[in-house]
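See below for the structure under consideration.
Labels A, B, C and D are assigned to the chains in the order they are written; within every chain, residues are numbered from 1.
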Amino acid sequence: MAESHIGIWLIGAKGGVATTTIMGLCALKKGLIGTAGLVSSLPQFQHLQMPDWNQFVVAGHDIRSVPLAEEAGRLVTESHTVRPEMIDQCREELARIDRRIRPGTLQKVGPTITELADAQIPGDRSPRHCVDRLRGDLAEFAEAENLDHVVVVNVASTEPAVEMDLIAPRWAELQPLLDRPNECPLPASSLYAIAALQSGNSYVNFTPSLGSAPPAIDELARLNGTRHVGCDGKTGETLLKSVLAPMFARRNLQVMSWVGHNIFGNLDGKVLDDPVNKQTKLQSKDRLLHEILDSRPQTHVSIEYIESLGDWKTAWDHVHFRGFLGVPMALQFTWQGCDSVLAAPLVLDLVRFTEAARRRGQTGLLNFLASFFKSPLGVSEHRFDRQFRMLENWAADKR
Amino acid sequence: MAESHIGIWLIGAKGGVATTTIMGLCALKKGLIGTAGLVSSLPQFQHLQMPDWNQFVVAGHDIRSVPLAEEAGRLVTESHTVRPEMIDQCREELARIDRRIRPGTLQKVGPTITELADAQIPGDRSPRHCVDRLRGDLAEFAEAENLDHVVVVNVASTEPAVEMDLIAPRWAELQPLLDRPNECPLPASSLYAIAALQSGNSYVNFTPSLGSAPPAIDELARLNGTRHVGCDGKTGETLLKSVLAPMFARRNLQVMSWVGHNIFGNLDGKVLDDPVNKQTKLQSKDRLLHEILDSRPQTHVSIEYIESLGDWKTAWDHVHFRGFLGVPMALQFTWQGCDSVLAAPLVLDLVRFTEAARRRGQTGLLNFLASFFKSPLGVSEHRFDRQFRMLENWAADKR
Amino acid sequence: MAESHIGIWLIGAKGGVATTTIMGLCALKKGLIGTAGLVSSLPQFQHLQMPDWNQFVVAGHDIRSVPLAEEAGRLVTESHTVRPEMIDQCREELARIDRRIRPGTLQKVGPTITELADAQIPGDRSPRHCVDRLRGDLAEFAEAENLDHVVVVNVASTEPAVEMDLIAPRWAELQPLLDRPNECPLPASSLYAIAALQSGNSYVNFTPSLGSAPPAIDELARLNGTRHVGCDGKTGETLLKSVLAPMFARRNLQVMSWVGHNIFGNLDGKVLDDPVNKQTKLQSKDRLLHEILDSRPQTHVSIEYIESLGDWKTAWDHVHFRGFLGVPMALQFTWQGCDSVLAAPLVLDLVRFTEAARRRGQTGLLNFLASFFKSPLGVSEHRFDRQFRMLENWAADKR
Amino acid sequence: MAESHIGIWLIGAKGGVATTTIMGLCALKKGLIGTAGLVSSLPQFQHLQMPDWNQFVVAGHDIRSVPLAEEAGRLVTESHTVRPEMIDQCREELARIDRRIRPGTLQKVGPTITELADAQIPGDRSPRHCVDRLRGDLAEFAEAENLDHVVVVNVASTEPAVEMDLIAPRWAELQPLLDRPNECPLPASSLYAIAALQSGNSYVNFTPSLGSAPPAIDELARLNGTRHVGCDGKTGETLLKSVLAPMFARRNLQVMSWVGHNIFGNLDGKVLDDPVNKQTKLQSKDRLLHEILDSRPQTHVSIEYIESLGDWKTAWDHVHFRGFLGVPMALQFTWQGCDSVLAAPLVLDLVRFTEAARRRGQTGLLNFLASFFKSPLGVSEHRFDRQFRMLENWAADKR
């Protein structure tokens, strides 16, 4: 295995999550940090055939032209999540990765994301041309770095919601639309997914954007003998919901209302300040309560862009529930976490577990990874402990 | 099954938990309330052979002389947990139960509890005489009410801690000490346990007091073909710890410190204001974090008696943890619940599950009930989801 | 003074605030409760010529037909703010007041409030006819009860915002519009104000609705030798803002953002769930921060209708501020209060202080009452301590 | 004024507060930071004759030998309160100050503080010899730096409480005890105060230690025509208490209980972990509630040393109060601030205001500075707004 290398291709390679992932991976390679936050480093997963940190090579797509080192610098000065000396230690690696970043696509990403773009984005004549261009970028990367495989991870900003029912359910029906710009309903996230899967690589959707969710794209993955998973990384408030809601259910405490307010001020927050993009996210954060709780609670979730908080998200949740004798009681929590720091290790975990699945010959939807997602594709189980058990069982399974 | 009746014998029958249990059971019999808060009413347990609410008859021991109806009245006027009209609807039942309450014992309960006593407590010459008297009370109850079985539940105030290592591990060695008042290390809770088990009844310890924890008393249960379980009902802050701590572990988020402050003002709180009694409780609330978390967190738990809060406990917990890149983050929660209202349904659940175990012929320690306890006897698993799975597996087991 | 009686005329007489005010006044008359929550009962105001509780007679307008006793009953069963026996003790008084309640007006109250109406509301041909009808109700009340004076207090639901600039600034210009239904911009709250002031009575606007805010109506008060004050009772979260914001300013701690989320489920909440009505309220809750703080913070306020909470409002505020060396720090608070219980004593205080001002011969705007309001008319001082000093100074002023 | 220089002599010159004060002053001199957190920089104080930042020269006493630059480095790497480049920019200044720090005294500071000492502390034969040595240090500093005046500020760790009543009330009686080591009740903080005042300098006690509190030492200040003030800087939780408690009083909301839990992990916290030292602090934090509130609330304050938090203190306060109709309600707040960053600007403010008072010829106790202290000497007013008004009035006073 010593010679094998695995590519990590980040969509949104200059965003906060990507930059933190890149800095963290670099620090892991150099032994500058421990394994805190990395699920794949837990004892119960050590027997799996997962690549070492040194076997990973990073590249990606982005729509902004800002140098990666500058974004990394903000992790030091604004979020205080990276120690200043680490920037120096990783400067060369950052420069190498920066040179590998290619312009992405703005297909149906909505005006708020489009406004952020300042890289030279080629004007693709059709979705098909776009997919071909993205595939070319992946192929070039794999060849240049002599890679066995590439895992494409979408960590770009949230796109406006797309009506799933309007998308043809079979790949044979969907794919011709790639040639018809006006009829093709697919946003950027799905074009990246198609590019990844058609070239035999794996696709992970860490955002609530459409990505590989359409059944036709799942079919594409299976047709090509590759794999995908998503969507929307479960990092903070929703993780807590999926941990706490089962407690209420198991104790027969009837949740009457569950209110969650989220405030933060990073680039994602700015994009989510556009109600069109926010809607996609809110659905993903709220739905699971209704799946877990039988008590039909009134739920409310808000996300507000509060600039001063930067990447530090604060969530306040208020749970109002009825116990024995019908007595109302309350649980409140506040969660203060750095969004990128919570997300980045999960990106690395997903890449490693996806690669381990590839080595086992697993194709199609990787639903054993449900515990990582707010809206796990193809999995109706939202209780975190049960989802985590799925991961442990998969890992324990000798194949 | 129609004719069979089951006794519930409450140690501390006039306390807040007992009074709420009694009011709740009465309301269930009359159909005045729903099943919120009752674990045994969840769908997955409906196939079990558990008695109906109407099959239960309540009695108990106490050391105070206050009428039960007066205590129940305080649930209306002070805690606002019981609707005023319910007192009228249950008045006769309360009077009947009140007549069945017998004086308990003050053996090694410590000065703070002793001060609360105002009932006429007989002066037992030795622990043996005390046990015999308590057994007589149980036998009389069973005969008068024509009971198949009695489940004795300790819901009395917390006793000072007893050094377990000093207690002889075999029943044959321990039982002679019952005749030697000066040498016998057993507190009231254990004498009640012995009385219950020797008379073939079941014993449930809902408090952190010693109860049936000594191996010698476990042996007694097995020798007599009966059963016991404990200890310390997991109702609020500790329940949350056992739900949240596994999340940190599973996400490899390294908890550095976990501080929990509890404030409340009921009678239990008054007893816990005595540092000797408090110590027993604090250990029970704190230990599980070290069992669940590998990160060796600094932990701190406090319990303070704040009179104005009455039975409404407020807990504030602050969890400081380290994520990816070593970044420190925090979770805080406040839990506002009524202690007795959280505890009472679990008392009824434990009685029903214990009786279901009896009908299956199960003896000894009922460790499938671990999810109900802060310090489950004989079970090292403290993660709530795993404990709950033990209960579900037991229930699903066809015997 | 023994024979003199003062009327309290409540607009929205069957709402939560009014019902709590009525129950509280009745309980004060009978000595059933203490003076907690009543500012006018503080030692520094005892020398003022204020009427005794027994000198007040209550009546009012409403648009709903529900019996007052039923609304009072909900204070017992839903909010737990009134003890059950108090309903019996006040039943006759409630019935007397209920008979004095007259149908109000739905003039420009918006569809959400209009939907709540089920009383028989007369169809007034013009605003003038409406005002005349309302004046008739007041006159009848004053005569029937032999009153020296009536203080009209608006505690009705919040109306949609009205553009102040469009309203003629002089009474001479405004009053002819009362005859032209299509041109008259005045909502119900202002018609009640005009009716009160034209009949020589006092007007207090406890809501953020327009009321007596237009300069033309202030002029009317002065022309008629009477008085008015408003608007929007400062009861909870905003009170805290006006107490805490000056601390940040005085310590030169630079507030970067202040987020406030309010959740509750009473009738007011339902009306505020209509964005048109909510806007009026949000402005009133938010503005003062910008008045008190020089640091130009980003502010955000939300109000969400969460049914299960009923009249118990929970507010969570997050204040993000910068201290020495530019270091960011945070204050969070949660406020859990019963809205009507916080408002009702202030209604009684405002009536008493307004009557005391009348006895001193004071006319026009009573700006010494600024501490009671979120948006005090004619007062730019929003710091609670300074506003309270205005009240104390006024009281200390010997006239 | 251009040539005049003022000394700042810090007791505990290498502690967190001192180091932050030094870094901040250096940054102010170089224009690297703004004036956030500095009360003396508010507009209403700009007309006062206060020295410019450049006119201050810093030195001090300490009992530890760690280099100042190392302590400053921890502000970068542990508290993240100072930007890394600022260390470089201030390195020379830090070295200069370090060379001016002299060994302090361990007189009656208790074993916990004594254990921290590793500097070469001279063995003074008597308190008198100690005072003389400390005076010598001050004199040498004043001469070397050509200073007009020195303000001595105690920012050392909290000493065990001293029984004030045992201390002779007149200087003539107290001063002979300085020659009798076994009888002299004065701890280090008071010896520093005497040294400062005897040499004609000013003394500010920022800690709850005894300092200049004894009337005899106040007399000494007046005899020597100099001035002093204290004690215990009001930076966080107690500041909030003094801001919020008056609100409850003014609204006649009757506080039933006020619980405050403080957790933090700096050196001060370590010292306060010794119950003897903690007692001094707790009294200072708790007393004011009873001064401000008439409702005789039950109060509880805790301080716990939680290592992982470092200098970042989190306080949780729970206020339980009764409003109209006797209804109980609650306010909770959490305060997350960096202790040294909150304290340091107040140290600079106190120095500047003290110097301004000197220029006005003011001697004795400077009680116009009460708003800065938890336990203001000679001032019974604890309401922050009234205390701040004292400061503003003093400033407005033309002399």
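Rule of thumb we're sticking to: a residue touches a chain if its C-beta (ideal position, glycine included) is under 8 Å from a C-beta of that chain, and two chains touch if they have at least 3 such contacts.
Computed from a predicted structure; not experimentally measured.
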Shortest path length from chain A to chain C (each step joins two touching chains): 1
Result of counting contacting C-beta pairs for C-D and B-C, higher pair: C-D
Rounded Å distance between chain C and chain D, as computed from the means of their C-alpha atoms: 45
Chain B-chain D separation of Cα centroids, rounded to whole Å: 49
Residue numbers of chain D (touch at least two other chains): 330, 332, 334
Complex contacts: residues of chain A adjacent to chain C: 256-257, 259, 261, 263, 298, 300, 302, 304, 306-309, 314, 316, 318, 320, 328, 330, 332, 334
Sites on chain A touched by chain B in the complex: 20, 23-24, 27, 33-39, 41-42, 81-82, 239-240, 243-244, 246-247, 250-254, 322-327, 329-338, 341-342, 344-345, 371, 383-386, 388
For the chain C and chain B complex, residues of the former touching the latter: 77, 80, 83-84, 334
